[in-house]
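A, B and C are the chain letters, set down in written order, and residue numbers restart from 1 in every chain.
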């Protein structure tokens, strides 16, 4: 059959099969993960059918459910990009939470200073502040890696703890609004500097901006020489250096870009949700983002559906607690099973005959 | 109804809280609605509902509401103070038809409850600890709280009698008014026994962080404190660690006497069962719940744990006499002459802030004798 | 007052804090050293630690024996390690990602099954009063040492000896440094790595049991404040050397005691920053001791995180 693959039609078929593989394997793994979780529920004397019915009802079944799911999606998109971009270079950054909270603090503080300014001017400045702080924070992780050889996973984790301490210090100390009595916060943003919901919806502008960022990140990685160079460097740093690729600039650029997305998450949390910077900024979005990025195999486009799926699971947590008398941790268990199943399926790529036309002829 | 409603105007008039009562009749929204036979009530907790503390106290209140005929209670725990809590509230409204919500964490109030209250004007939102203001906040939002500082004052009296080192300790989460009032009351209670007593405070910076709370407790014991209490969400770790070091302990939020039966003196507990059943019953019978509700020992909003075996007769006598005085109303813990621990005068000779004084809810000082600082 | 130590209270508190707080870090980092020396990284030990804390507490409560709790926590931990090891033995599966997934699953299962055990009071692990020679209660309290801490130190020394002189230690090191070399020697890298990960998981489970059964000594959902994750970081800090793990864990624990100790002598401005001391210190040492030009000394060659 070897002649077959060499024809143009064969190439197209192989490409098509590859695409089918990239969709079918994760979907199949998702179903397997859900099935294993269903078995777990059976051992607990609970009905999987009822459970998934509630997940559907609360996460995806109605206009309200979709608003619920999509409202939770926005910060997850940014947080996942903060992991996915450095991952293209083979860097595992797990401290996006730090960039989110410090970005949020910067936005909150600047928003107070710009209270009387026109939102047309002030909002972009505030967004820029969040982006800049996030970029510096995660960019520093990249710099430590490149210039000092400090492991980026550990450095980003340590810096996330430090960032949260700094945030607490700032919102309870120098930046505290004295009127924020029992919930120490920066002064509330004036209404003009609040980012509102999309027209006719409760979902705020962070969602479309987040989706746009995912698309832009995909273009960068998949369609530009920078993205191509990053992929080579991610495969083998030494080979990339031998070929004269600017590894240092790539590392700094991709970590800083990832951090700027996380900073943008902080911008939307402060301007669209909280209305001021306070300890609620550290609510774990950065850590959920790690999960999403790995599930999406660091593909920015895949981040969108994965983030929506996870947000939908979380949106259903309440209804499941109320209707089935299951603990809130049930959704964590569900995510754990699904996540493991999808990662496990990585081993199947290229090994299933149905997706490898070049092997169809062989016995 | 034993509610003690106050308007925000009372705040500006300092201790003239009675003015609030006078203005009650003029509050809008007091019209009687129709009585209900069935109602769904939602409770939302920021942590696990059996934490021996803040959330457990509220969950015990919710459990009491379940016993009211015709009432369905729905609950969610571990809900963060983000868009999550907004969606949890909305889900309870949309899927369960909840008409009354108790989102119990302080951080839920602004912006989350305030945002949703505008969208759902026919749903009642009741919040623990918030400062509802008639000129700023929607009428379908209410805030309630209790004079738990009085409980810490009584804790302090038993601590003052029990302490031999004349140094008592307080593990606190964050330097916010509600916590500062408790710290100050605890020390002033002890000083009512012996004015030489000091109170060491350690802030952990977190509402729930087990290892830090244990380390803070050990640091207090190392510093010579021999009676310890706390204001964190779950006092279990502090109580057990302190008792492990041989210190006497005073409880907070809920009854922790089972954790250290011999060393537990007493504890300042919430009695949300009373507050919640009153509110739900009122709404069921068509009454409108006042928007600003406060109460203390007399109103049954707070209660004290039974005195432990280590409490002496003298201690018991002073505890009971003080409790009876508080029950009469008009009791002031913060009264002149009193300075803060930086030397500023808080209350001049003859000046006093009675328990109902809303000014106490914006406390920003530690009184003289407390070792620690708020920034 | 005779037992008012003034500023001496700070070092004594830090020593006491180091001993009290370090044990979970020590056990998890030793487990991670064993795993990483075989060429795998298990980021999921945080989940294993939390699950160990829950099972240890639950079993201790149900059986009345704290040591049975520790044993079951170790068993549960080894099951988590085994699952991680087996999954990662499949080609093209990313060990870091599986670790994050196991962290989620372990935490989720611990919270799921742990609800019933938040209220009960389980028996505590015993401690040995090594401070009896001192008349100072502070010193006595600081040197009230838990048996698991001592076991952890012995374990660290034993691991160091194992890696240096025993055949099994050599096998683990070879597998960790080069899969090809190991295969050439007739070893089966996947089997050895899986076994090392399972053993590492057992250590992490014990670390969790220490949290729930000794210090702070109760089970609740906030029992771990990231000890499992930080311990993985401390392994790199300790350069994959078990004995260095002791110092890393003690240093980290002692630095964590700085915040409360400073407040207890009256220094409380900016306490959040003091609480960040362990993280700042660790980062500082990492920056000072890393180098962009040479690979990290002691790093196993097959480790995905340092390649």
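Assume a contact is a pair of C-beta atoms (placed from the backbone, for glycine too) under 8 Å apart; a residue touches a chain by one contact, two chains touch by 3 or more.
This is a predicted model, so every value here is computed, not measured.
For the pair chain B and chain C, chains touching both partners: A.
More contacting C-beta pairs link the chains of A-C than the other of the two pairs A-B and A-C. Farthest chain from chain A, judged by C-alpha centroids: B.
Mean C-alpha position of chain B lies 37 Å from that of chain C. In terms of their C-alpha centroids, the spacing between chain A and chain B amounts to 38 Å. One inter-chain figure worth recording: chain A and chain C are separated by 28 Å, centre to centre, where each centre is the mean of the chain's CA atoms.
Contacts with at least two other chains are made by residues 78, 205, 375 of chain B. Multi-chain contact residues, meaning those touching two or more other chains, occur in chain C at positions 115, 270, 272, 275. Counting partners per residue, chain A has 168, 172-173, 327-328 as the residues that reach two or more other chains. Across the complex, chain C meets chain A through its residues 87, 90-94, 96-98, 100-102, 104-112, 115, 226, 229-230, 232-233, 236-237, 270, 272-273, 275-276, 279-280, 282-283, 286-287, 290-294, 296, 305-307. By the touch criterion stated above, chain C contacts chain B in their complex at residues 1, 3-4, 9, 12-13, 16-17, 20-21, 115, 118-119, 121, 137-138, 141-142, 211, 215-218, 220-223, 225, 227, 256-257, 259-261, 263-266, 268-272, 275.
Across the interface of their complex, chain A is touched by residues 74-84, 86-88, 90-92, 94-96, 106-107, 109-111, 119, 129, 131, 174-178, 205, 361-362, 364, 375 of chain B.
Taken together, the chain B residues at the contact with chain C in this complex read 47-48, 50-52, 78, 165, 200-205, 208-216, 218-224, 234, 236-237, 240-241, 244-245, 258-259, 371-373, 375. On the chain A side of its complex with chain B, the touching residues are 57-58, 64, 68, 71-72, 168, 172-173, 178, 181-184, 188, 202, 269, 273-275, 278-280, 283-284, 314-315, 317-319, 321-322, 327-328.
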